[in-house]
Amino acid sequence: MIQFSNVSKFYDEQIVLKDISFNIEKGDLVYLTGPSGSGKTTLLKLVYRAEHPDDGQILVAGWDVAKLRQKTIPFLRRNVGIVFQDFRLLPNKTVFDNIAIALRIQGLDPRLINEKVNDALNDVGLKHKSHALSQHLSGGEQQRVVIGRAMVSKPTVLLADEPTGNLDVETADIVIKLFKEINARGTTVLIATHNRELFMTSGRRVIFLRDSAIEKDIIP
Amino acid sequence: MRAFLYSCQIAFKNLVVERWINLLTILSISVGLLLFTSYLTITLNIDTVIKRWGTGFGMVVYLGDGLSMETEESIKELLKQDSDILELKYVSSDEALKELREVLGSRSSILDSMEANPLPSSFELKLKRETLTPIYIEKKAARIKEMTGVEDVQYGEKWLSSLNTISVVMRVIAVLLGAAIFIAIAFITYSTIKVLFYRRKDEIETLKLLGATRSFIKMPFLIEGLFIGGVSGVISALSLFGLYKFTVMKFVEFLPSIRGLLVSLPLEAYIAIPIAGALMSLTGSFFATGRIRY
Amino acid sequence: MRAFLYSCQIAFKNLVVERWINLLTILSISVGLLLFTSYLTITLNIDTVIKRWGTGFGMVVYLGDGLSMETEESIKELLKQDSDILELKYVSSDEALKELREVLGSRSSILDSMEANPLPSSFELKLKRETLTPIYIEKKAARIKEMTGVEDVQYGEKWLSSLNTISVVMRVIAVLLGAAIFIAIAFITYSTIKVLFYRRKDEIETLKLLGATRSFIKMPFLIEGLFIGGVSGVISALSLFGLYKFTVMKFVEFLPSIRGLLVSLPLEAYIAIPIAGALMSLTGSFFATGRIRY
Amino acid sequence: MIQFSNVSKFYDEQIVLKDISFNIEKGDLVYLTGPSGSGKTTLLKLVYRAEHPDDGQILVAGWDVAKLRQKTIPFLRRNVGIVFQDFRLLPNKTVFDNIAIALRIQGLDPRLINEKVNDALNDVGLKHKSHALSQHLSGGEQQRVVIGRAMVSKPTVLLADEPTGNLDVETADIVIKLFKEINARGTTVLIATHNRELFMTSGRRVIFLRDSAIEKDIIP
């Protein structure tokens, strides 16, 4: 589902990812970890073509990402749900609208959108904040809105970048359980995180990045 | 279609959210359009005045003494064939004398002492306004003077060239000023939409990352531009009309003789103002949103 | 002082970073100023032309037949005392006859048959331009006509009122158009700075949270506004001069008689353009940055 | 140094902090914790007058915060270093400038600024990123810039809102050690966090928020 073959990425002269290869099968749930600045976010960005690889090939859900035409990129992204590390919420819009926008850009029926968004709000426990502006939310609440938005369109691939950084342990548990449910329904999930508690005892595959390369790739 | 409706919704929400900038833009564009259309109205008025003056000027063709009726008739026929000549009036020497008497008024007694009428018969011509370039009229006068039986041709040479200069100056200014104002309006539209676009740059970045297509992103801005331009157009059309009515009122109060002399732009022009505004704004928006790259 | 230098630094960095918006703004303001100053130049020129024409019009005071030298002299004295009269020219009846002969040209033979000169002596007056309101001149003419020895007073009534109308129209338009353009420029400045301010809203929020004072936050915008306005002013002053030179060149090529007739704004006005631009922009910036609340 | 007396805070009709009272002495290092949305960030905002209390009195470093005049607020804030939960970096400025700005607004001498900023960069381990634009940093790097900026002016009070949310364990340790050092030099430190590891074994005072009120206040 997500296949990297000898991918390298530079920012200016600095190398950020060096000759990365791995293959995540459809239906997998994989953790990605590594110290601050090791390239986790960059790796995720390559998956949804927010960055272009300097070398190598990336296949995502059958798309050859590096060769995608500009016009096709939106359609790749509609198949990829993303929990951004920096949230990227629309500050002046309500929680409801922030989640709904992921469906509106696809031109879905308003009633269907309403239904799906309410489900997502329930999932992340923000039903009561539905009409609050996203800029008036607490850090943890914002993070859950992002998670809701990433899930609501039932994407083929779900990427989550530090999804529990602003969450207390109980809420983090709920979120991880959500990811597992989504994964069980067939979505491929890739979670970048520093939170060792999440993956140490999970019994799932963990990819360790260090110094621009894959240090370890533990497949249980 | 659903996407279009949603775009409209976003556009109008944005119009409300950014109401101050949008209001300022609408006002700026309105003022710009108003300036331009006021200028057109002024030009139209000056042109009308010049036309009125222009047609008042003509040519007098003095005939030789003692010409036969046939010769006079043939000259008349020749002049009639000239399509540049609008009106042709025969003034017999008797009529000319009567006119001179009127001009001299109480002093006309000097004419009584004369044996014969010394004034020649003449044709008074009115020329088509479009042909009023000094060189052209000079040539025409020379040609007419060569006709047999014609003794002299007189016309307001100096006046003609002055009026002509005014007219040319007006037209040149019209083009220069018109172009300048158009450019200014285009800039305002473009820069405002650009700025609205910039202000929502983060939002647009996010939408792009969520899989929004180009048209989904651009559409609200285009609708917004269309709306801003259209509203500005309506405002300036209404203001122009109000200003025209007000000016006419004030002028008539001040100079009653002007009543009925000030002309307004035709109705078509008033209808064209909002359409032109909307199209200009739309074009501005189109370029301002630019090429969206993923 | 250090804070001021730092503000300048930020202002100029921002000018570079936001170069497109700033360029657009500078262009818009330049065009606006150019429009206004072009209009002033045009008005000045039209006014000059009208003045030239206006002084060409005067009054003819016809004297009664057979007046004594003393009476004529006393009339002359009375007219000379009138401060509205610029020039006074005595035309004797003989001179008048000579002029009439010239006018009649080849047909002047009619005059030969007359026993006595039927034309009266007259004074040709030139009036001060400022007094050329139709009503005023009408009154003056009536007053002069009542003087003993004066038989009639003639003056270009119709012409006078036309010219007068043009002049009044020009002035009214000047005020209306001038105000409109000023408002438009003020809007552009205000809205651009407002927008620049909005665009850095997040940054400003952050600065406020870090303990920046109001003046620290506002200063760069004021400097930026001052700079934008000043540069716009310089650009439009230069363009105006270029445009003037170009127009004069083109016109002279087209109508050589116009050489030396087109006047330019005085040097002071050229110097005033950038200053006015900078001050207007500064005012715009000042209101655009508004009251900063913590 | 930070004293809350019966402080309450509402957003619209919703109560966020209810009758909060505590007193943090000069030189203390205190943790503030509680579930997502319990009001931690709001409490910190009250300290630096980004929010105004609806009831009660707040004293910070001798200032009666609720009664401060608009003109005086900047001078309160210069005495308070803040690690914002949402970072609030200037995205188009370099790392160096982002830290230096905290000193520039005070009109310090450029050479002194240079020196202090370089020290701060060393402290947070970002010397090598000094000239990078802050928007080009990884999440963890950005978080460290914010920490550097909060410390650089040697404030009387340091507030840190979820300062380790984007950091790996090693970097988090370094940051916490930094806070302790600053605290040792006399700065009063208040850290809001979900990260139990930070405070559970620290032997420091921990204030627990829950349902808009102080649930526990454990003073060792």
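General remarks:
Going by the order they are written in, the chains are A, B, C and D; count residues from 1 in each one.
Quick note on the criterion: a residue touches a chain if its C-beta (ideal position, glycine included) is under 8 Å from a C-beta of that chain, and two chains touch if they have at least 3 such contacts.
As the structure is a computational prediction, the values presented were derived from the model and not from experiment.
Number of steps on the shortest path from chain A to chain D, with steps defined by chain touch: 1.
Contact with chain B and chain C alike is made by no chain in this entry.
Ranked by distance of CA centroids from chain A, the top chain is C. Chain centres here are Cα averages; for chain A and chain B they lie 63 Å apart. Taking each chain's centre as the mean of its C-alpha atoms, chain A lies 68 Å from chain C.
In terms of inter-chain touching, the protein chains here make up one closed cycle, each touching precisely two others. Applying the touch criterion to all chain pairs gives A-B, A-D, B-C, C-D. Interface residues of chain C, counted against chain B in their complex, comprise 20-21, 24-25, 27-28, 31-32, 34-35, 38-39, 42, 107, 109-111, 113-115, 118-120, 161, 165, 168-169, 172-173, 176-177, 180-181, 183-184, 187-188, 190-192, 194-195, 198-199, 243, 247, 250-251, 254-255, 257-258.
Within the complex, the chain A residues that touch chain B are 48-50, 70-71, 73-78, 80, 82, 84, 88-90, 92, 101-102, 104-107, 109-110, 149.
Contact residues on chain D toward chain A in their complex (touch as defined above): 11, 33-37, 40-41, 85-86, 136-141, 144, 161-162, 165-171, 194, 196. The part of chain B that touches chain A in the complex is made up of residues 2-3, 6, 17, 202-203, 205-214, 216, 293-294.
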